[in-house]
Amino acid sequence: MKREQVQQLLNGDTAYKTSRLVSVFLIGLITLNVLAVIVESVEGIYSAYKPWFDAFEVFSVAVFSLEYVLRLWACTSLPAYRHPVTGRIRFAFTPLALVDLFAVLPSLLTWGGVDLRALRVVRLARIARIAKLGHYSKALQLMAQVIRRKRHELTISLMLMFVMLILASSLMYVVEHEHQPEAFSSIPATMWWAVATLTTVGYGDVTPVTAVGKVLGALIAIIGIGLFALPAGIVAAGFVEVNENDSSSHPSYCPHCGKVLDEDRIHP
Amino acid sequence: MKREQVQQLLNGDTAYKTSRLVSVFLIGLITLNVLAVIVESVEGIYSAYKPWFDAFEVFSVAVFSLEYVLRLWACTSLPAYRHPVTGRIRFAFTPLALVDLFAVLPSLLTWGGVDLRALRVVRLARIARIAKLGHYSKALQLMAQVIRRKRHELTISLMLMFVMLILASSLMYVVEHEHQPEAFSSIPATMWWAVATLTTVGYGDVTPVTAVGKVLGALIAIIGIGLFALPAGIVAAGFVEVNENDSSSHPSYCPHCGKVLDEDRIHP
Amino acid sequence: MKREQVQQLLNGDTAYKTSRLVSVFLIGLITLNVLAVIVESVEGIYSAYKPWFDAFEVFSVAVFSLEYVLRLWACTSLPAYRHPVTGRIRFAFTPLALVDLFAVLPSLLTWGGVDLRALRVVRLARIARIAKLGHYSKALQLMAQVIRRKRHELTISLMLMFVMLILASSLMYVVEHEHQPEAFSSIPATMWWAVATLTTVGYGDVTPVTAVGKVLGALIAIIGIGLFALPAGIVAAGFVEVNENDSSSHPSYCPHCGKVLDEDRIHP
Amino acid sequence: MKREQVQQLLNGDTAYKTSRLVSVFLIGLITLNVLAVIVESVEGIYSAYKPWFDAFEVFSVAVFSLEYVLRLWACTSLPAYRHPVTGRIRFAFTPLALVDLFAVLPSLLTWGGVDLRALRVVRLARIARIAKLGHYSKALQLMAQVIRRKRHELTISLMLMFVMLILASSLMYVVEHEHQPEAFSSIPATMWWAVATLTTVGYGDVTPVTAVGKVLGALIAIIGIGLFALPAGIVAAGFVEVNENDSSSHPSYCPHCGKVLDEDRIHP
């Protein structure tokens, strides 16, 4: 089998049936891996079905290792990574290739010299395999695109939120520290209250008790929630924009005369 | 009376006064049924007025059964279900026909052979009769239309929310499990905290207590609420779009040939 | 002084300086009345300054009564209420005239035959005088306009919220009633939890404790918050629309050639 | 060195490399100052590293004092503040100059005659130095621009929120005061509950317990959250508008004469 074909197979080239089957198989395996980590965390389940979970893990690591090796071998068929040595090294440092490596490396290393205490952390770290979905998931790619597109607005609003967070925490610390020295023990500790309030989560595990603190808290809540709702609005707007661009990649045609419709005239 | 007339009567054809009266009567009866279930759940009310509630239930089931039989009998007047046997069978499997059947079947079955323990569940299940409003409610139909129109965006954002939920729960489980083995007993259990935080409901029955857990929780809250606000934004945008299309009195014209443009073709 | 002049004075006709002064005076008096009610509610303050509060109340009622009588006397200068008897009666039943009457009637009635127990409620009811601001407040009028404009969408979304609320409460009642018979004692009682969850307020005084209840609660939270955010989105959209219409009542002109600019071309 | 050069150096004129370095140095120093205040608030850290913190404070005050003096000396190179005496006085009362003064004055005054009790407050007040970022931060300037642009809408919605807050607090006070005389001790005290509910923070430290109070609370939550979400929507919309105007590379042209349209004239 040629390199080009392996490359197409692994990247879900929808023109080939086998390629789609490989994608579906790998997506299913990733999903089952994530489910396995979640289910294993429930008390008693892992010890009851240990052989099954371990066999599944060996099988998964084998498949993912093979996938990684094949991707590294076939990447030279891509124009950008043509060189057999430097091309492969550069490919190995692309985000998705690193994800693929990190998805198998901890398990392989542990099997080399099993340290029982690290085992639990390694098993939980397998949840990171969900990032492998980045190969296939249009949703994750869309979100990455939205964040890139709106990085300027997001940076600005994150800075404003940070300033607001610091001011809110400092003021509330000054007001409440004496009356609740435990909950408002320091400015960093007060940030826990500030985040819960500004995001409107409002756990209620820490609340101001003095009159001044309540007036201040009310003002911070009223002023601040608008600021902390900014990223949500920006992401939502970017999401809609990117999606519209996507679906209007080919222009609209008049169904009667077949001419191209000028978008700006139709949707004013 | 002809089949066409029964069909018109039951579907609230606004051109006939009797048809409107039938609609109002059935909507009122559905509403009273829902209210009855709600009121009955209050301690003591059902036992105090048992004969009245039971008589109302018998009357309702009789009316709804008659309605179901008439709909099934008259559906052959619709072009899509013309065949007296196969047409009726296909009609019986439409969502609204199934809702109509499920609205009476449990009560009818219980009366056949009363099992006192199942009775309570059957009485509560009558709340599902609210779905019968789908025959008349423009609001429910509009919402169904919005969800159909935005199913692509909603699917994508639900997937992203799911990935976020899994990552947030796994990380928080790793951090807090040792310090709060009850509240954060497993990843699925930690999801209860994650949902409360990411939706900003924030009950406060479960909160991180370690410093690392609080930093992680704050980051999850700040990053995640934007993601979980996406469906709300998408539904709101779809709601406005659908409503505008509905009320836009003059259609769009092609600037080249001047013919009316079919909305559905233009916005794919 | 003529009726037309009194009419202009009381309605804040901005062409006359005296009229503006009357408006400012009445707005100030209404604000002070509201503040008085708020301050009086604080333990000890009313009894400490009783004579001052009572004198201010007598003064306020006198002014507001005079205002009401003058409005009723002068309304015949308006074309719509020209008839001295039927015009005045119709005017007396306009919303703002009823507000003006209700702002003084309880106090006047109490002074007729003071019933000490009703007194407290009457004093608190003075907070309704805030509605008198409707004569002057552009903000309240704008909000009324937004609600009128979007009444169709708001009605639809309120219906959907109501259906969601009933379904969420019924389901959660079935699941949690047995385990928490106090907090989830009936479907109406469960609605308190449902409203707190669906609005994302999340007090946390009532939360599901069973695994099924938590899964159900999580699903309700994720699905429902989009629905309950609809009115906020609709009001915000209407608010922006009304405000834009307001400020674009006169068309834009090109500063160079002075011709009217076609809005649709400029903002694509 | 000439005044013009000092002026350019301090205002981050990006054409000169030294000027950019000065900006980066001052931004870094401000950030470190804010971090120092936050870290110092943690129990034990200040006493453990007192000499380092104090040295850093002396250094910072020296730099910021020098910056202030230089700005005051060089401001006469700006056309608006050309006069050596009155120009400098007017410059000293600009918001950013006052911020610069307030950033050093308390520390300088304390060193003059150290009062140990005031010292802690003075140290905390240094957090206000974050406002010095206003010289450099595009984010803070953008937010100021958004608030100026939308001040009309923001004022209206703040008024509506205030009316809603007063009505919600008064009604809930009437209903709950007798049953929870501590939590709902007065209308101002009830406002703490009202703000937590209307912003959807929902700490849960104060909640209605009577049936009437819960029905009222539910209605307030459903109606009120739309109102309290208005500023967030307005700020988000303004944020997007300002940013778009900023990045809109080609200006609008009048369709009649073809000249460039001044944005500020078109959208009043």
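Note that the chains are named A, B, C and D in the order they appear, and that numbering of residues resets to 1 at the start of each chain.
By our rule, a residue touches a chain if its C-beta (ideal position, glycine included) is under 8 Å from a C-beta of that chain, and two chains touch if they have at least 3 such contacts.
Predicted model only: the values in this text are computed from it and were never measured.
When the interfaces C-D and A-D are ranked by how many C-beta pairs touch across them, C-D comes first.
The pairing of chain B with chain C is characterised as different-residue: of all residue numbers used at this interface, under half are used by both copies.
Taking each chain's centre as the average of its CA atoms, chain A and chain D sit 32 Å apart.
Within chain C, residues 196, 200-204, 229, 233-234 each touch two or more of the remaining chains.
Remark: chain C residues 152-153, 155-157, 159-160, 163, 166-167, 169-170, 173-174, 185-189, 196-197, 200-204, 207, 214, 217-218, 221-222, 225-227, 229-230, 233-234, 237 touch chain B in the complex.
For chain C in complex with chain D, the touching residues are 34, 37-38, 41-43, 121, 124, 127, 130, 133, 137-140, 142-143, 161, 191-192, 195-196, 199-205, 228-229, 231-236, 239-240, 243, 247-248, 252, 254-257, 259, 261-262, 265-266. Listing the residues of chain D that touch chain B in their complex gives 200-204.
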